[in-house]
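Scroll down for the structure; my scribbles are underneath it.
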């Protein structure tokens, strides 16, 4: 078993956060001074093949973060709630799949939630300085006091994770329990997971652990077992071990090859510069023209002509009719 | 067993099973002033108490975090419950029920005062402990005196009481169970059972 | 459990049958995933549904509920036929070689001595042949036609692969795969563990379900070894403890039992409890019964229990019937023969079968007392909630008192887990409002009752007046006081029999173990199997040292395990006849020529020579029983019986309905659907979901979020047949009632072919009621039949017949 | 909104357009309602541009301060958008006829160089609007249509459930591009008003000088005059009459 993280200390000194703004590597809509020393990269590894879909992670998440989810209905499936919400940062998604090769039914259960991408689309899309930050240990966190609730992060996210609260109109998602990790604990979901399908440690440890798990799975005939750490988003700090790593989308639509949408890249990239340039150019063109051609003034003759036209004295034919 | 000595134990034993290097983490030390960014760890300065999950018989070790120390006679308000990483069986993990233990302790449908429902009534009304307990003792004595069977048809001493029954809890402690056992057995009640089968 | 949770990591094969560990015991199931990850262990799940356990299994085989005995006897048959038997173990550690009386026989589903009018057996012939020396006759060669082994062979012969498929609906190839995987574990170096729960117990032959697997485990040599065992995953945090302390109608603490009418005197009572060894030199531990009994009576009645009055033997009530279990209690209630009823942390209106009958019973009480931390349906059975609880409130004359009690977080004491660990816990919170501990409530009731008897006298007041209640505060005994009393203490100085000048222990001191118990009244002990839990060295249950030399998973210094801090029962059987471990890589104990030593506390005297004493010292034979003699009401061998409500006739005994030895009350017969009745064509089973605990967590907002509303599970095929849509409402009804729920239409349930007939399964989670945070719903017991197991009356919740239709939902 | 006109009246004469006075001649170009309508449109367009750009690029995020913060900016932007849409729709209904392209527009465009060089002499006589103004009118109409429709799609607070994220992404991009163009068109519009003197009064007082009309929209002026001569006396605005048409001008003092 991956050894458990020792119980937390409740002594004031011991539980002082061990990372802070100083460790930011990205900050939405603003620049940060890169830290001189980088934190060890951390990761949460979700071994789907060990997961029994008990929802302890959901429960622990609600408890630790004091989230109050509404009591829903049964919709003919085990999933509840039916989707992530501003109060449900993580959600078990159940898929019944008939494996055509083995002929056996497989119940694929995936814990959905923020993947803490190395290249976070939410942060890229966010217009509000400091609403979304990324620490050098890989955690992507939302600062609600800076969030304006525009929902751009939702459009930026390749995994469809953030949700906007109807009450305070700010975006919510898994924080990877930054408050716990800051004191050397693992996230609440990982601590709870009964079968330790969720483990937590440095990203290197997690990759090594995944290898160990994949070997076991291959020995049991899952020759496509593998690690899900999608390069399209620069890798993630929440990774999956899948029995069918060749078909991630089997697991309730886990993106096969996620990356930040090209549309978002264009919108947040070239459009911004092109737009400013164009508007600037228009204004400048006006100025330049005024300087060169000068104003177009109405002359006295114009006035007279108008006057005589009005009084009918001027019978000068319309121009072009002459 | 005071929180302190448990803490010491937790340290020593957890050293025995060193886990991820995260404990150390290679974190940069930061000034208290700089930590505004990360939400403060909300278990700071709470009192810890070792307990056992109240649900199934895996008997997972849990740690109750409370504001106030009941052992010091203070009012202890439970703020969080989490798995005990030192427990051999659960290693700190909990199931979806165990992970939400705090909310069963704080359940909106938790009972807080004795209630009485009169025959034919459609509601419970509050009743004082003293009144209710006296009422029960009296009802028991009257029923026992009226229906106690000292000897059976063959004249054998059987000393049984069949018109009153008792269902014992499934989540009370052995000590409570034993006290219950002594009281119930001494009265001669036979319709005595627990939740072993259901 | 014979083995601790942490030992499951040592197994090679996990068989989850009659349970759903991943869902009901997720944190214990961790050790299954550990065995898989680190030992390459395999997991087999045999269940009517493809459960969460099955989702991580290496192999899943479907089975129709209520047919486990046929399946397992089929596996035993397969092992015998294919010589997949741990022969050394079977020959020496089981009663395979014992000769059975000539009168014993089995035919058409019945054993010799059946009396239909009594629905009971005269089991006189279910015994060994005993020689002139008083010892049982054996034939080590297993040649004798009357030896247990040959009778067993003959008994299981009819459970062929074809018969198994016909009864269980398990396709032949799937059954064979499972049988082969299990049979591999007959190797001395392969261990298999059985994890089961209510899926086996809640049948009219529940005890025999478990026995069948125990027999299989014996012939595979898997009892007493690391990674093996029979592991009953108990459902409640201290249900093991309450059973240990004997809070049952017919029990005394420590698995001693209450006298019956025929045991007119203490001597008569003891005469049937001599437990003389059945083999020469054998240890038969129950020979100490008198010591445990006398010490209990001293703990209960102190100085009032004397040699002269047979240790107050007459203070104990005697049983005129087998027991006054929950079903009988509610039958009596319904007949108006019960006046007062106490529910301590218990919600019978939801927990027992046939809700309508339960409600009728409660309505006939004079007084109902409920002690609970939470609101319960039972306390509010008189409240009208429309369809959900259509009570005629005004007509119900029952007076109800509801007491608020503390919960786990607010009290202190010990709980016994499945692995028999007694773990002490401490109070971490202030009780809400006026809540009090159950111990306080019981004490308050007792002192008042005693006072009334003291003042007024009355019917046989002696046991009440003389009950040993010498606690510092009679109004509230402390957990420590009670724990010490259960452990046992000396009432007088006791000298060492070998050397009388030396005191073994002094008056008032805590006993160190049940070995100290005396039968002369010099010791008192409330629960002998707990002896050693609270000694002069202190509270052993509070120990929290999780060191585990060589990672065996035994954790001898973590809390205390009964008996004698032993972690694996029958652990002597982990070694061969000469005391060497069957599997050196899985050593538990070893005989070093002078004594037994190893990672666990030996199950026999540390100096008992290997060949002299058998491992099963609680049996007079000293061996495990493949043939159980007269100790089970429904037969010394298990045999397949259909549930009382069943889609087909019993293929091996068409004339027999249900379990012929089960007790059925007259009115309940009328509420059974006929076998194969077209009115109730679907085989239903009830169960728990991982998101909920019984009827408690619907009071918990978080759990209500995770599973908010009641539902039933059916196959895609049945849904199509009945025009039921996923997430739509359905109505399900049985002979006893109806419920409305949402439909979960799933591939995880598939129709089966049993005896040529298509059988559809309807799965019904139990958790919903009319109080709490979750949406109002119906508990499964509105449907379930009021009949129990022949031996211990566990209700048949797992197999009954219903009908189902698409519905517009409850109109309340 | 255009008042019923007798059969055959030119399309670019709108109710309230009229000539008054003789020296100087004053031409009534926009009546009050049209002017109010225009300025509401203008104001909301400016607010939208400012709030929109503040969310478009971090460099301008500080502009959210004008709306007391990002939350408020995010909240009111779509509401102003609605105002713009409806207000502009009215303008559209008012002006679309007068902006229908005619033959002269081609000639005018062909001589756009002269236009820019302020050489008006041999430009064709134009109706109420020249091709440039018509370009502003039609491009704004189109862009505002794009902005409102894409704006609705990305108005998460009320409409997020109705579209996929992929659609929202395209919408947010289209919205940004449309906004950029709209702002450019607006710049042209405003600049033209600055460049061509005598234009502002049209939208401030609703009146331009006869000379301005003669110089830039002579055809329109002629039509108005013809209308005066060849029609009922009642329609001749009299400079001294106290009770003139609603848009009676103040005399320059």
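All chains are identified by letter, namely A, B, C and D, in their written order; residue positions are counted from 1 within each chain.
Basically, a residue touches a chain if its C-beta (ideal position, glycine included) is under 8 Å from a C-beta of that chain, and two chains touch if they have at least 3 such contacts.
Please read these numbers as outputs of a predicted model, since none were measured by experiment.
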(message) Suppose chain centres are the mean of their C-alpha atoms. Which chain sits farthest from subunit A?
(response) C
(request) Looking only at C-beta pairs in contact, point me to the busier pair out of B-C and A-C. (result) B-C
(message) Rounded to a whole Å, what is the gap between the Cα centroids of subunit B and subunit C?
(response) 22
(request) Find the geometric centre of each of subunit B and subunit D from their Cα atoms only, then give the gap between the two centres in Å, rounded to an integer. (result) 76
(request) Mind checking the centre-to-centre distance between subunit A and subunit C? Centres are C-alpha means, answer in whole Å. (result) 50
(request) Round to the nearest whole Å and give the separation of the Cα centres of subunit A and subunit D. (result) 42
(message) Among all residues of subunit D, which ones touch two or more of the remaining chains?
(response) none
(request) Mind pulling the residue numbers of subunit A that touch at least two other chains? (result) 1, 54-56, 58-59, 62-63, 194-196
(request) Can you tell me which residues of subunit C touch two or more of the remaining chains? (result) 26-27, 30, 690-691, 701-703, 706, 773
(request) Using the contact rule from the top, write out all pairs of chains that touch. (result) A-B, A-C, A-D, B-C
(message) Under the definition above, what is the set of subunit A residues touching subunit B in their complex?
(response) 1-12, 15-24, 35, 37, 39-40, 42, 54-56, 58-60, 62-64, 133, 141, 143, 175, 178-186, 191-196, 200-202, 205
(request) Going by the contact rule at the top, pick out the subunit D residues touching subunit A in the complex. (result) 19, 21-25, 27, 55-58, 61, 64, 69-71, 73-75, 116-118, 120, 122, 124-125, 154, 156-157, 160, 165-166, 168-170, 172-173, 176-177, 179-181, 183-184, 187-188, 191, 194-198, 209-215, 218-219, 221-222, 225, 228-229
(message) Under the stated contact criterion, what part of subunit C meets subunit A in this complex?
(response) 22-23, 26-27, 29-30, 33-34, 36-38, 40, 50, 52-56, 58, 60, 690-691, 701-711, 725-728, 742-748, 773-775
(message) Per the contact definition, I'd like the list of subunit B residues that touch subunit A in the complex.
(response) 7, 10-11, 14-15, 17-30, 32, 34-48, 63, 65, 80-86, 90-100, 102-103
(message) Under the definition above, what is the set of subunit A residues touching subunit D in their complex?
(response) 29-30, 127-129, 146, 148-152, 154-155, 160, 164, 169, 261, 263-264, 266-267, 271-272, 274-276, 278-279, 282-283, 286, 289-290, 293-307, 309-312, 318-320
